[in-house]
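Here come two complexes built around chain A, the first alongside chain B, the second alongside chain C.
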Partner chain A sequence: MTTKLTRSLIYWALLSPLMVVILFPFGVMFVTAVRPREELFVYPPTWGFSEFRWENFSEMWVKTNFGGALLNSLYVSVAATVVALVLSIPAAYAMSRYRFAGKGAYRTFLLMTQMMSPIVLVLGLFRLMMSLGLVNDLNSLVLTYAAFNMAFTIWMLQSYFNSIPRDLEEAAWMDGASHLTSLVRIFLPLAVPAMVVTAIFTFINSWNEFVLALTMMRSSEDFTLPVQIYAQVAGRYQVEWHHVMAATVLATVPVAIMFSWLQRYLIRGMALGAVK
Partner chain B sequence: MSSVTIRGVKKKYGAMAVLHGIDLEIRDREFVVLVGPSGCGKSTLLRMIAGLESISSGDILIGDRVVNDVPAKARDIAMVFQNYALYPHMSVYENMSFSLRLKRMAKEMIDRKVREAAEILNLSTYLERSPRQLSGGQRQRVAMGRALVRDAQVFLFDEPLSNLDAKLRVVMRTEIKALHQRLQTTSVYVTHDQIEAMTMADRIVVMNAGKIEQIGTPLELYDTPANLFVADFIGSPSMNFLRGTLEPGAVVLADGSRVPVETTGRGAAGQKVVFGIRPEHLSLSSDGTGLAAEVEVVEPTGANIQVYARVAGMPLCAVFTERHDFRPGQTIHLAWPGRNAHLFDAASGQRL
Partner chain C sequence: MANRIQKSVPMMMILPGLALAIAIIGYPIFDLGWTSMHDVSRFGKLTGFNGGENFAEVFVDPLFWESLWRTGIWTVAVVGGTLAISMPVAMILNDDFHGRGVARVIIMLPWAISLTMTAVVWRWALNGRAGLLNATLMNAGIIDQPIEWLATASTAFVVEILVGILVSIPFTTTILLGGLSSMPQDAYEAAVVDGASGWHQFRYITLPLMKPFINIAIVLNVIYVFNSLPIIWVMTEGGPANGTDILVTYLYKLAFRFGQLGKAAAISLVMFFVLLAFTMLYVALVSRNDRDDAAPEEEVKE
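Here is the complex of A and B:
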């Protein structure tokens, strides 16, 4: 028992530098968000503060139109995730279950698109959305986010689909199920962990995306959260750092909580392929 | 229940031929085992009967209906898979009732059938469990239960016992055989284990490299194997083969020793032949005559003694049920009843 305790202590000691590096920005973010405005630039900097100012959040909410931006972000991220999944599942299924010419090339193509930075494509995408009349329309972000994430989601779903034994579908066919029935009642329920994992990734990618949102969205009522927060900093004579940090806390924390809650699916997903 | 007819069936994957024309008639209520080494095409043939593989040429008939283009779901066949293929997200009850629910059968009817099958298979207390909470043998029985509830025309088994440990395999073997005796459903069973084939089958189909080597009852295959492959494959330990030249009344081995054998009507003098004798048919000759063999390894199994020896440089195995105290290096003299000797042509491998 004591050896186990000592061992745990040693492991935590070894892990702690990494934890400090990871948690430091969050710490700064949090203490800045909750201290009074007058204590923002004290020298030397301290972690402490005289008063816990929760009002910073409510002030910020009103002043920065946080609610509107939150709704925009939610709409864009959820819609992009749904579009990406709905289109990726059939593609991944076909790649996993059928043999066709050019399958390997297609996989490589998907991987290659991941090596290109979206920034390279920003101008082209802007002109495309321009001709489609979608600039300043949140749906332009839905489309581009879904498209950018699909290479990854197809890749990820296909790997997982490969691990679902083909026998299960064949058994369903033998039991009298059509291809569609076996897909809906046998295959997809088993693929839920993979779909959840890819959905999380797509959602977070879309939630955090900045460059495309900055390019496509012209008017401030269409801003997503990252752009809205950026707008509190860029080109301002005076930056309200406590509001910026409060907004950042509100933009990151829900996602972090969701991710840590859903990550059990990730682990379960990895283990399910081992069913004999 | 129904017969299955296979006529000139071939299977090709691109340029590679896997089955080179299979002809087989499986009678109604029969239990037929397809046996052969891995890669011989036995599973492919089974999957073609099931409708999971397309047929390159030839016909497969269930009853008198050609099913070449009938999809698997419409063939009314039940199949037990090697890895059981139980739906992991459904309970045992749901697994067994899946096919009936697809048919939109009445709830009470489904319930009755599932409970009946569960009763037969000793699964009644496990119906609410999920497959992962079951042992290997229980999963195996659920897989069979899924087939059982359907009253299908034909049962297919694809190496259903190979994931079980040795002891359980023997138990399940008997259970499947008893089940067939009770239900009398036409069954096709694939295995690579010749003991499984021998113990369960009404008839065995021995396959090798995409062809049928021999079809017959277990004892026919054991007593009169059609060629060297079948002779070698059926029986454990496998048959001893001694290469030599045929002369009237004997096979002459490389070192000049003569193995007496009935030769009338079996090949011509001077022909290269293979003499075959099963280990369990060898006995010690009482008078010191007979085939001289030098003992190399002795393996007692309790029930019998397996002796590995050498005759004219060729390996030979003998099984004795009596207890003998053999030593490595010792020379023993072996005899056998003449009717148990087999003779094959060395070039073609066919029985003489």
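Here is the complex of A and C:
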């Protein structure tokens, strides 16, 4: 029988190679973001640098139009989240509370759309947005992100809705409240935490999306953050790596913190929605 | 009458979302099918029906077959590698030890970062002149010359597979953890009483009980990895000389660089059917699990 302490040491030793590889890019990001430009290309390459150059961040903000891309990303992610939730909440409620014809087929349809990847459809989507005149319009991303996230949001919400006891609503019906009233007055307030968690994951998914944003947004003032940062790297003779890394730090760290804080909910949602 | 309204309530609730999904996900599939059977100008104008010509062109294109072959290697290597690492990681994380919460957060970290950002950082870390991977390996005395990791296709592809594995671990571990946490403890206690070794417990209890979760992890990962563009696109854009192209990168180039829209639509359609096959497999797996669990679904009485 091993004690918890020795077991912990063995486990940490076993996990440490993987952790080093996981943390390595974060180290690269920070160390590059704060080093002076002249020390980017030194031979032999080294982790060390002479001083912290925090101005890199403010320089980068101006030079790469970080603020503009940030606003685009915020607009798209918030709007896509709102659209996805507004459409998913009633659907998830129906899945959780009613028996109706075609429920099984709808469930299969959701699974199918969850599996469809934007990249396979990207040409068709581009042609669709062309015909709607939405190319170069951030709303094309709002609609597509909402549509592609909806299967996931419905799963997540449904799994939480199932855990809300229906007695409360039934009691309200007995008292003569309509379904709509009980939904708005009793059910939705209870479901707020579930909606918040689901919303944050949808937000992160939209925030991180690349392929569709790269395709639909053709002019640089419409770029979202991932595309804007990619554009600083791709097809350039000289890449300002310290700016690129400063931008990745700003674009990823807040989201990473939010995600780390919420990941246990995701595990729960996955176990109930996707796996079961 | 009231009853009719009652019955249509759930329909009304799912309808708006369904309409959006059909417009955004359903319609493009139809459009791709239509486009793939036409000559298309580089500006996307259909200029005439040509039957299966686009498909014929795709099937005689050596780059298509090379990309397809590489897609196979990419998918099998990433999914296999991911599973081989995630299984022990999930088993460790499922056990109780000091600092488990911290360990879990670190292991899940790559999931929080967009693939694009991860790939951008790795592209710099692997830089042949000043990349910090070279710095690390040189400091450790493993190499004495910097290596141009992304300059030759074979090395670049291996590196991309490794990055692919790294970013797939959190998701896979999560699914496996879900399975492990639902494992019945009494089976292990009985096995310990019977004197089963750790390996035997793993081989005869854990693996069989985990099989549905492993299956789902495999199928979902196959679908995601098969479709994954950002890592390869950002790190090498399928180059040098198409040497790291997989189907998605090749498709993207055809459509948005070379303007060969008919051919790109044909490849999209081929990929769609491959994806459909995997999706059916997934749906079958999920519904089998549902039946096995035989969890009585609660329904509201109307």
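Quick note on the criterion: the second predicted complex is superposed on the first by the 232 of 276 C-alpha atoms of A that agree within 3 Å, B and C clash if a C-alpha of one lies under 4 Å from a C-alpha of the other, contacts with A are read in each partner's own complex, and residues count from 1 in each chain.
Criterion: contacts are C-beta pairs under 8 Å (C-beta built on N, C-alpha and C of every residue); 3 or more make two chains touch, one makes a residue touch a chain.
Since this is a predicted model, take the numbers as computed values, not measurements.
Shared-chain residue A:Arg7: touches chain C; no touch with chain B. Shared-chain residue A:Tyr237: touches no atom of chain B or chain C.
By the touch criterion defined above, A:Asp175 lies against chain B but remains apart from chain C after alignment on the C-alpha atoms of chain A. Of the two partners chain B and chain C, more chain A residues are in touch with C.
In the superposition on chain A, A:Met150 contacts chain C only, with no contact to chain B. Counting contacts as defined above, chain A residues 275-276 meet chain B in one complex and chain C in the other. Residues 7, 9-14, 16-18, 20-21, 23-25, 27-32, 35, 44, 85, 88-89, 92, 95-99, 103-118, 120-125, 127, 129-136, 138-139, 146, 166, 169, 174-175, 177-179, 181-182, 213, 216, 220, 223-224, 227, 229-230, 234, 237, 248, 251-252, 255-256, 261, 264-265, 268, 271-272, 275-276, 278-279, 282-283, 286, 289-290, 293, 295, 298-300, 302 of chain C are the ones touching chain A in the complex. Chain A makes touch with chain C in their complex at residues 4-5, 7-8, 11-12, 14-15, 18-19, 21-29, 31-32, 40-47, 83, 87-88, 90-91, 93-95, 97-100, 103, 106, 108-109, 111-113, 115-117, 119-128, 130, 143-144, 146-148, 150-151, 154, 162, 166, 179, 204, 207-211, 215, 226-227, 229-230, 233-234, 241, 244-245, 248, 251-252, 255-256, 258-260, 263, 266-267, 270-271, 274-276. The touching residues of chain B, when paired with chain A in their complex, are 50-52, 71-74, 77-79, 81-83, 85, 87-89, 98-99, 102-103, 132, 146, 150, 163.
Residues 165, 167-168, 170-178, 181, 186, 189-190, 272, 275-276 of chain A are the ones touching chain B in the complex.
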